[in-house]
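Heads up, there are several structures right after this.
Two complexes follow with chain A in common, the first pairing it with chain B and the second with chain C.
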Partner chain A sequence: MKKSLVILSVLLLVSVFSSFALAKGFTIAMLVKNVGNPFFEACARGGQEAADALGNTFIFQGPPTPTVEGQIEIIENFIAQRVNAICVSANDFDALVPVLKKAMANGIKVISFDSAVNPEGRIVHVNQADAEQIGKLQVQAIAEMIGYEGEIAILSAAATMTNQNTWIRYMQEELKDPKYAKMRLAAIVYGDDLRDKSYNEAMGLFKSYPDLKGIISPTTVGVSATAKAITDAGLIGKVKLTGLGLPSEMAEWVKNGACEAFFLWNPVDLGYLATYVAGLLCEGTITGKEGETFTAGRLGEYTIRKSQDGGTEVLLGPPFRFDASNIDEWKDVF
Partner chain B sequence: MELESLRVQRAKSLSFRWEWLLLVLILGAFFVNVRLSPYFWNYRSFMDALSVFLEAGFMVFSMVMILVAGDIDISVASIAALSSVLMALSHKAGLPMGLAMLVALGVGVACGYFNGFLISRVPNLSAIIVTLAGFSLYRGIAYVLLGDRAVSGFPSWYSYLAWGYIGNTGIPFMLAAFFACALVYGLVLHRTAFGRKVFAIGTNRTAALFSGVPVARIRQILFTLNGLMAGVTAIFLTSKLGSSRPNVATGYELEVIAIAVLGGASPSGGKGSIFGACLAFILMRLLRYGMGLRNIPGQVMMVAIGVVLIGVVMIPNLVMSRKKRTVVS
Partner chain C sequence: MRKGGGVQIRGLRELGIIVFIIIISILVGIRNPRFLTWGNLHDMLLDTAVLSVVAVGMMFVLVTGGIDLSAESVLALTGMVAGIIIKDNPYLSPVFMLLFGLLFGGFLGAVTGLIVAKGRVLPIIATLSMMYIYRGITFIVSRGEWIDAHEMPESFKALATGRVLGFSNLIAIALGVYLLFYYFANHTRTGREIYAVGSNLEAARIIGINTDWVIWLVYTLSGALSGLGGVMWVARYASAQNDTAAGFVLTVVAACVLGGVSISGGAGTIPGVFLGAITIGIINNALPMIRVSPFWRMALQGLIILVAALVNVAVARNVERAQLRQREELRMVRHGA
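This part shows the complex of A and B:
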């Protein structure tokens, strides 16, 4: 009796979550680095909006932890479900290429957004902002906050993440400018986009570099964890912080002074643009070639341009600065 | 005496029932999924779904043997990462791919041998401590060698290992290799004197030692085998990713142990079966594939898999306690 009950409940688990979206238009799947990340939840909202605008069905998925192995499993499931397009924010620039090639061989339109995949494994990339601009902007901001003098550190996501590594390269380039001669990049540490690990890495920085003046954290998880670490360690005003963050998570830390200003593009718009581009590719309105122009719904006109990695890309726009003057109007948006 | 034979009988009938139970669960999961998703039963997708994550499956067999012998090895995923990185680097340095694959196997064997040497020859060093150290050590070396870089540029034939099919049967090459491996390991563990000695060690190590079983040598061999299989995993995984990084196969050790235990292997030794491990692997795949087709969020899937693991592993306890009650009354 008990045994059959247990078996029954196990089987039930398989069928618990169900709601089948009826197919209308094209099915566009968005695959993000990991679920439970507010940035990607905001992307999903924009994606849903764009899919609705074009009469498409929208699926949102991601592995519980940011690994390529998890993303490969999900892409295999997308292929089995015969989705029409996949928009992926890749956990690794190269490792998804074989499985994405398989998807494209099955007639699926593959684009990357946020974090690019190798041009071999995609049709076009939707870039949130120019990497050079993002890297340099953050160095300029932290330099201003600490008065162009002292040790700074970078607290990044995982050591393998394409985005962060490119930005950090541009940060290092910007730091070579003579006006930063009195500043020194003391360390680059990795919080793997996990809150507890990022927090501990920040605490570790305070210990290892007692004269630390500023931290740049170019990842939403890292920057809010660092702000909390600065607050908890009683270092508000002593260690300055900037980076890329979500207004809803950062509002508290802007108000208590742990972070004067941070940057980000609008993830709702990013998800919207990616899903819109995927929809247009399915319709055949665009093919992803350099020089094509199109209108992306409420966002307006875009042109496909050559990207630095040898493929093509669509650029969303310049990053946006959030500080005490505007945080209140944005903190409820995303 | 009579009581003892009764207990043995009960244990036997239980292990017999265990694989039946897994089969029933597999069939159940299969039919529920077929009813729930129109995409589930499509021969090609189904074969593909079975071979997702299959690269880790190769380590399950040797892990079952280690568990049967009453040991554990949590360093396998780290060994796989180091094998993958060294294979990629040696290929980049000009070694032909065939030889680079031998490097991967060699690295696996070396790491496994090192683990086994410490565990079996140094007194009072338990497997969990040594392999916990190995868990950090081997992946650490991989990070030292490669940092945050990736290595790619393998010959195109190499991708056949993870992505190719046998002729036009639709059977993935990796799946065939997996079952071939299962057959070999099944025969070794269940049909040879070596296998019986492994069970003897796990049931009672001291008794085995005094019966003339070369305990140290066999444990040494088991850990070396596990390292070898980590090398096999590295070869298939690198083929699947088309590139290598120090963070590949993260978390695989836990999944491998979970599948071995779900397949009936006991972490306290003396119990386990290769056939059961194969069934457990298939069951796990069906559940994940089915939930994936329904686009169930990753976090929910983790919870569901955890519940299934606890539920299934608890079943024999429930059955046992009911039996006991009937005997008493």
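This part shows the complex of A and C:
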């Protein structure tokens, strides 16, 4: 609560001052799905860093719950405040398009990051990781852990989740490679991103498939619930686990051996890249067209490429691997 | 007067659900023999422990003709506050945390109880409001963050992994709650007054029962048990989240109703709630083990609950018919309808 008060007063101050004092650099606003989410707090840290690097002003905002209505209201405010750029992690692919078009008509540079909006409502999208890469990397990791042999299972979020389903499709694609000939995907189950259901599903997997060697769980709740289930069932070392997880949640399970390694994109870098791209768009250094190249500060060279949804995107890079060697340094970050 | 015949009838009433539990266990056991092993049975009871504790509280509220939708938020808020306390004070004993859960949850429930009993707000509205308020406070106190496994001391997590007499601590707690409240419901004056209030509020008032106090009490009890459940939940999953147990209250009410607790008040027994909770536990535990497509399982889950309810109703109706023949008690007609 205190934080949102502070943000509110900062916004008020910014809007008051920007009307008569020429603010230093551009004002770049980051709008996230919801506030109070450690993932986005980490994005904001990167955003602040990038804004400082380019001499811009950085604003961070989000609705209290991840709703489209809350985001629309905030974007309307941004337009009224005449910010120079908006980086949005959208709560809906299409619903924000009208208000974002209005923002662009007012000369605001709009980009999406983390969760894309329709290409009509953005200049460019900053993609955290390539779906194909995410899928393949997890299969490669579990294969190494189990020695390329045995039954594996996937414990996903809800059966309707587009992200997870795309990743799973690429996992199945990767498993067709002859080097995985001795591995078999025994089951795909859904824990609905509920801790109790995910835990039960993991327990069910152990009992339904006594020879199970590994589980991939491409969702943060699923992977930590599965780690707890592996621990409780006394299967550490017998059933291997990888997936997409948050270091703070996974620290315990990396230390006790239930999960040797897992992946996630680095949210600090993601926020940094998004805010950097927004800054370059404001300067006119880039325009968001396919094929443009640029240097994003400490992150190095990037090329804008065509995205699957028909627009353009910048790809952050391969997902980050977390394991015993670096978990301590990350567990307090997000 | 009711007691003599009551025991016998109650036995019959719960026959339906017992038969159902046996049938479903055999069917699942055929498909996956591991279902009927001691280890799995223990896992299943463990899964049912939190549900049991919260359902006992819910039963008393349902018996008075009310409903406590705030139970899941009380569980989440108490779990979160307990998580924050144990994170900052890892030396605290787990037993203290359980007591804290009871007291803190009881306080939250008492507030709801006041609104229902003294404010005369309909239970469904009062508890729906409190469900949102307590969930909101959960976000506020946690600042949207969660407590992770590595932030909890081993002693606290051992609450869920430790055992007494071969049973998990959590199962022991649930059993203790069942025994205590079985005694409370059947052998104490206050316990009987709860049933009297639920059967006929006006009559209860006329014979001198302090009905407001009884109604306040059941919400306080429900809060206390939900709070206890919250601490158990957080220890069990080694994680306190803002959305802990979202939607859980429906499962709790389902367990009660399957166990023969009447939504319109007046009827409900502790053994019934136990059987209802076990039924839900079996469904949750068995479905992941029978190797059918997850897409079918969701529909199957609904179907099983429906069949259980139908079997239950059919048996109850037969019992009541027999009873009607014995003595024409008006109250029974109401429940048969």
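Please note the rule applied: the second predicted complex is superposed on the first by the 191 of 334 C-alpha atoms of A that agree within 3 Å, B and C clash if a C-alpha of one lies under 4 Å from a C-alpha of the other, contacts with A are read in each partner's own complex, and residues count from 1 in each chain.
We adopt the following convention: contacts are C-beta pairs under 8 Å (C-beta built on N, C-alpha and C of every residue); 3 or more make two chains touch, one makes a residue touch a chain.
The shown structure was predicted, so the numbers you read here are calculated from the model rather than taken from an experiment.
Chemist: Using the superposition on chain A described above, determine whether A:Pro64 touches chain B (first), chain C (second), both, or neither.
Modeler: Both partners, chain B and chain C.
Chemist: Applying the touch criterion given at the start, work out whether A:Ala159 contacts chain B, chain C, both or neither, answering first, second, both or neither.
Modeler: Both partners.
Chemist: Considering only the touch criterion stated at the top, classify A:Lys331 as touching first (chain B), second (chain C), both, or neither.
Modeler: Second partner only.
Chemist: Between chain B and chain C, which one contacts more residues of chain A in the superposed model?
Modeler: Per-residue touch count on chain A favours B.
Chemist: Check the residue A:Val97 against both partner chains and state whether it touches chain B (first), chain C (second), both, or neither.
Modeler: Only chain B is touched by A:Val97; chain C is not.
Chemist: Report for A:Arg195: first if it touches chain B alone, second if chain C alone, otherwise both or neither.
Modeler: In the superposed model, A:Arg195 contacts chain C only, not chain B.
Chemist: Determine, under the contact definition given at the top, whether A:Glu73 touches first (chain B), second (chain C), both, or neither.
Modeler: A:Glu73 contacts chain B only, not chain C.
Chemist: Quick one: is A:Val35 in contact with chain B, with chain C, with both, or with neither? Answer first, second, both or neither.
Modeler: In the superposed model, A:Val35 contacts both chain B and chain C.
Chemist: Where does A:Ala181 make contact in the superposed view: on chain B (first), on chain C (second), on both, or on neither?
Modeler: In the superposed model, A:Ala181 contacts neither chain B nor chain C.
Chemist: Do chain B and chain C land on any of the same chain A residues, and which?
Modeler: In the superposed arrangement, which is not itself an observed complex, chain A uses residues 3, 34-36, 64, 159 for both chain B and chain C.
Chemist: Note which residues of chain B are touching chain A in the complex, please.
Modeler: It is residues 21, 24-25, 28-29, 32-33, 35-36, 39, 42, 45, 48-49, 52-53, 143, 147-148, 150, 152, 159, 162-163, 240-243, 245, 247-251, 287-302, 304, 307-308, 311-312, 314-315, 318-319, 322 of chain B that touch chain A.
Chemist: Applying the document's contact rule, which stretches of chain C touch chain A when the two form their complex?
Modeler: Listed in rising order, the residues of chain C that touch chain A are 32, 34-35, 40, 43, 47, 139-140, 142-146, 148-150, 160-161, 233, 237-239, 241, 244-246, 284-285, 287-291, 294-295.
Chemist: Write out the stretch or stretches of chain A touching chain B in their complex.
Modeler: Touching chain B: residues 2-3, 6-7, 9-11, 13-18, 34-36, 59-65, 67-70, 72-74, 76-77, 79-82, 92-95, 97-99, 102, 158-160, 165 of chain A.
Chemist: Note which residues of chain A are touching chain C in the complex, please.
Modeler: 1, 3, 34-38, 64, 159, 187-190, 194-197, 199-201, 203-205, 207-208, 210, 224-225, 228, 232, 248-249, 251-253, 255, 331
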